[in-house]
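Heads up, there are several structures right after this.
Okay, so subunit A shows up in both of these, paired with subunit B first and subunit C after.
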Partner chain A sequence: MKQKKIDFDYKYGFAVKNKNVYVAEKGLDEYKIREISSLKNEPKWMLEKRLKAYSYFLQKPMPTWGADLSKIDFDQITYFIRSTEKQVQNWEDLPVEIRETYDRIGVPEAEKKFLAGVSAQYESEVVYERVQETLEKQGVIFCDMDTAVKKYPHIVREYFGTLIPASDNKFAALNTSVWSGGSFVYVPKGVKTTLPLQAYFRMNAQAFGQFERTLIIADEDSYVHYIEGCTAPIYTTDSLHAAVVEIFVKQGARVRYTTVQNWSKNVYNLVTKRAKAEKNAVMEWVDCNLGSQITMKYPAVYLTGEGARGEVLSIALAGNGQVQDAGAKMIHFAPKTTSRVVSKSISKEGGRTSYRGLVQVMPGAVDSSVYVSCDALLLDENSRSDTYPTMRIKNNQTNIQHEATVEKIGEEKLLYLMSRGLSKADAETAFVNGFIEPIVKEIPLEYSIELNRLIRLEMEGSVG
Partner chain B sequence: MLQIRNLSVRAGETSILTSISIEFEKNKTYAIMGPNGSGKSTLVQTVLGNPAYELKRGSVLFLGKTKLNKLTPDKRAHKGIGVTFQAPIALQGISVFQLLRLALPKMDALTLYERIEEVALELGIKKELLQRPLNDGASGGERKKLEVLQMALLDPSVIFFDEIDTGVDVDSLKMIFTFLKKFQKGRTYVFVTHYSRIFEYIQPNKVIVMKHGSIAKTGSAQLVHEIEQDGYESL
Partner chain C sequence: MKPELITVRKPNTSLNFTKEGLYVVFFENISGAISCTLSHEKAKVYMFGLYDINGTSSYSLKTEQLHKAAGAFSQLAITCVARDSASLAFSGLIRIEKGAQQSHAYQKNQNLILSPNAFVDTRPMLEIEANEVFCTHGSTTGTINREHVLYLMTRGVSQIEAEKAYVDGFIQQLYNQMKQLGIEL
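Now for the complex of A and B:
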């Protein structure tokens, strides 16, 4: 019976017994940060960044303007686990438990489908990673951040923490001080990658925070699509995920960053994502948030060059006891810049979703255009959706459009579909899928199928 | 095929149907007529299993043995009950193809698509309506045709047509009935209407007249003409 419950509640709700080589004690202090850095054999400059960030972490207050974060106990979190001694290049070299875990998520299958590269994160460190030859030939660098610090220190030093400084917010400070894993991507001038780069990652220990750090640099006129898909097993104690993603989109380049996340329902998912788009560059965030207890995430684009374009397409689903506080941040610094935000949220069984967005158009950013659309779908009377849009427009030569809708599925529509033989769960799923379709069609097929399946599981849960 | 036995129904505190008994036989066509507010649509909704209506007494029996009373609408649909709605709603983001794909998971997608196109052609449904969200921007007549199309694919053994003629022009009505006559083949048709005009196209085997939530009169097709001449008042 218990097994059945797990299967239905959370498809990936299994945990493989792990043999961790090193598990740091819970809680955080300067000594631990030094220990993490030393275990990673890091250069001194990175340790210094970590220590500086730790001081910001101590100074910065807990944000109180959004969801309730008061239950996070920083002393009850494990900040570092090293699951295998060294990085491996071949699937066969991975420990059996880790292979089993990945088999269940389906990493090898993904690879069979000729994906461009897999950088999978097991616990806090990347243990399996392979960049396919096509990428290497093009001069594309795709590796984990730990490797990048050692192999490409000049690039990492130039960009790391410049878009999201450690002092940005408490969780960015925490990430900078204890970060581990994450991806590093560099796409050379004019190179257009034809296959998406994918990173699967997964947390697999109780009360263990995951603090991955991702840095993507797309040089002039290049193109890259990066995909992160996250699953996490069920925990009994609260778990924290505080990631930082920085993306630099140079002149004429285009980056798309797609996220399909399904954290288990006790995870605090507090992520800072920011991109800088230079002249005629395009940055697109496609962000699908399912699961977690609380998600706070507002992907940002700083439009710093003339003609730059930024886009955030997001889906959030909140069920019983869940809070999805998602949105977008678009800052127009240059003329003729364009931003587009399309947010779709679904609330069920008392779940709460909110759209929190900031669009700021600077005085010099004339002839810019802003489009914000937030749609909420409520599955029942107990659920809630709020919209907090902020617009600061500092010139009068900007075209602004803002739309917001709230829709309820309602008995009438359910009855109609059920009269055609669809179960209540199928009917609700059909509505939800129809509602998010404009965004889902933007994500690769294997992810949209997975997303639709996850939504189906969520809807089954609500019928029970 | 379907038996309604001594049915009494209420919505909230209001009693809507009282002691209704009707037996619907295989391969027969029925007319349920009556003025507005006589309980015709409630009867349809009760057979469908709409939770807004509470069954106080009586039962709905399928094939003389299966009691439908406690089944949800989807289960009833699986048994073979079909309903076309009086005012079909528009569905956001779900096309008729997607809907039928979910309703008929065992049918091969290509076959399904071909059959939908076939029926659409016979009913004079424009192709682009099949791609769009169901009933999105469709006229009253197009909506009713799409209802009939769904029945043709779902293949129920008893179909209740709730005001199939309202908002439908004469040419469309002809198309609908040409199709329905050909499609009947052993199915039970129940036409619920307050106008007699549809019976120019299809001959009912039995006419049931409802007034104030009860059956006022039953009879042969001749009854349609009486109603046409004298209205419901005289019954």
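Now for the complex of A and C:
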């Protein structure tokens, strides 16, 4: 089917009028943090964590490397919005306006098909959430973080902020002090969830930063696949999205975390993601960054148990005015640990992609192996691609491989496809989709279809 | 074409290649920055760095392959054998400026670590601002292949000799590449 050329930047370029019940004033101070915490009826320990984190936030400098973040004005951001008073269980009970927004991005469609449970995040709080009976029967907990703090305080308290402490970096500190929403997942011992858990994240208020907090705990020998997909409508002022995701993969367990990030092109997406893999555990990050103005995201795996394995598969697409500064961190602490990073990036129309990664093999991590591969595709002469991998190997019983390539679309290949009757846009699309195919095939079907379609739209925009 | 050999002995050396030619830049166990700027489109620059380091010595090397002219060629090969508690911190940048189309820039870093206390920190970097380029970098770090040594030992070579042969062969690769370009040291 021939698709029309698009002349707007963003596919879901609409915004539904907001009807917010409670909107905090712009800017941040200690009083506001107390207010957020009391509005959420949080226990005292959480308030203390927030306040402590706020002091770190004030102390920590902005990162001096990577993309230019000087335009972020922390005083112009709303740190908390509550969109509906109560959480609802049924789709029909959602306010019409919110339902309308979701209908347009196809949440009910997707849900009908195969969703295990949708935890739809509208603005800063989860307003709609349904956990399917099968999940409950298996003992899997899948709820939003605010509920988890109230219902499962012992679990949350044990893990919250232990892998990514508030002092980790400025944005982790900010998130810890003002976090709202996000998902909490606990998979009991030996339970293998057959359907992926999904959460839709949305921002829908101008200049409103979203600070969701996700915590996933996969107990011994369990398996879970969590999918995070983002779409957001267009606004005129810059929005900040600073999420924190912590994942604990216990002995023999396996967790896959898939992200399809498609924020509108004025969002600063500054995310801290980290997982800890214990003995024989497997942690896989599948990360697709298509949207946002600036993304800085380096999913990490701490391989702390013998035989643990970490993987990061990532795609980054940067168009006009976009900076995708993404990568991976693999820290090998234990013997026989393995890691693999495969990164594919595409720059076009002056966009800039960077791979920034760290592989560190500690002295005790004997017989470990590391594989890092970064491929970049540059579609025109105004675009830019950078690769900054760092490898610190403090151990001689390891096997490290790293390779990177930069290329353009081969004229000959294009010509060949065009001689077979494909238009130039179609031929380029075929080329780009082929380039990212090794990663796309790891993503659930409807996401990969959407991804291929988005790339097609992007490509047509660039040529037509 | 007869190659011109440039042996770098001083740290913080900047070389600017403004004429057509085949150049071989060689350096050995040296710390500091070595920068090669390719300003002529027919400049072809091969850089070889050999680090055979031991004791508690610590080296820090920073290289730059800066492509300003379209169509130029550069290749960097860093070979490192680290023994005892020696360490090498290597950071190599390939930078292709806007307009330097049809550039070829390659980088290869191979490290052989012979002791648990030896340490190599590798940072190969690419900054590409032109789209019709051919750039790759590769880095490997490992230790002596036990199977290869075992094979030699079954042929009656002692372990020490077998390991020595392995390391010598690893270093010899670099000299062989230079030999192919017509340089014999």
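Here is the rule we go by: the second predicted complex is superposed on the first by the 449 of 464 C-alpha atoms of A that agree within 3 Å, B and C clash if a C-alpha of one lies under 4 Å from a C-alpha of the other, contacts with A are read in each partner's own complex, and residues count from 1 in each chain.
The rule we apply is simple: a contact is a pair of C-beta atoms (placed from the backbone, for glycine too) under 8 Å apart; a residue touches a chain by one contact, two chains touch by 3 or more.
Source: prediction; values computed, not measured.
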{"item": "Contacts of A:407 with subunit B and subunit C, given as first, second, both or neither", "value": "both"}
{"item": "Contacts of A:363 with subunit B and subunit C, given as first, second, both or neither", "value": "second"}
{"item": "Contacts of A:384 with subunit B and subunit C, given as first, second, both or neither", "value": "second"}
{"item": "Touching partner for A:415 - first (subunit B), second (subunit C), both, neither", "value": "first"}
{"item": "In the superposition, subunit B vs subunit C on subunit A residues touched", "value": "C"}
{"item": "Touched partner set for A:151, first subunit B, second subunit C, both or neither", "value": "neither"}
{"item": "Residues of subunit A that lie at the interface with subunit B and also at the interface with subunit C", "value": "407"}
{"item": "Of subunit C, residues touching subunit A in the complex", "value": "98-99, 101, 111, 113-116, 118-143"}
{"item": "Subunit B - residues contacting subunit A, complex", "value": "48-52, 72-74, 77-78, 83, 85, 88-89, 91-94, 98-100, 102-103, 133, 150, 154"}
{"item": "Of subunit A, residues touching subunit C in the complex", "value": "363, 376, 378-381, 383-408"}
{"item": "Interfacial residue positions of subunit A with respect to subunit B in the complex", "value": "407, 411-413, 415-424, 426-427, 430-431, 433-435, 437"}
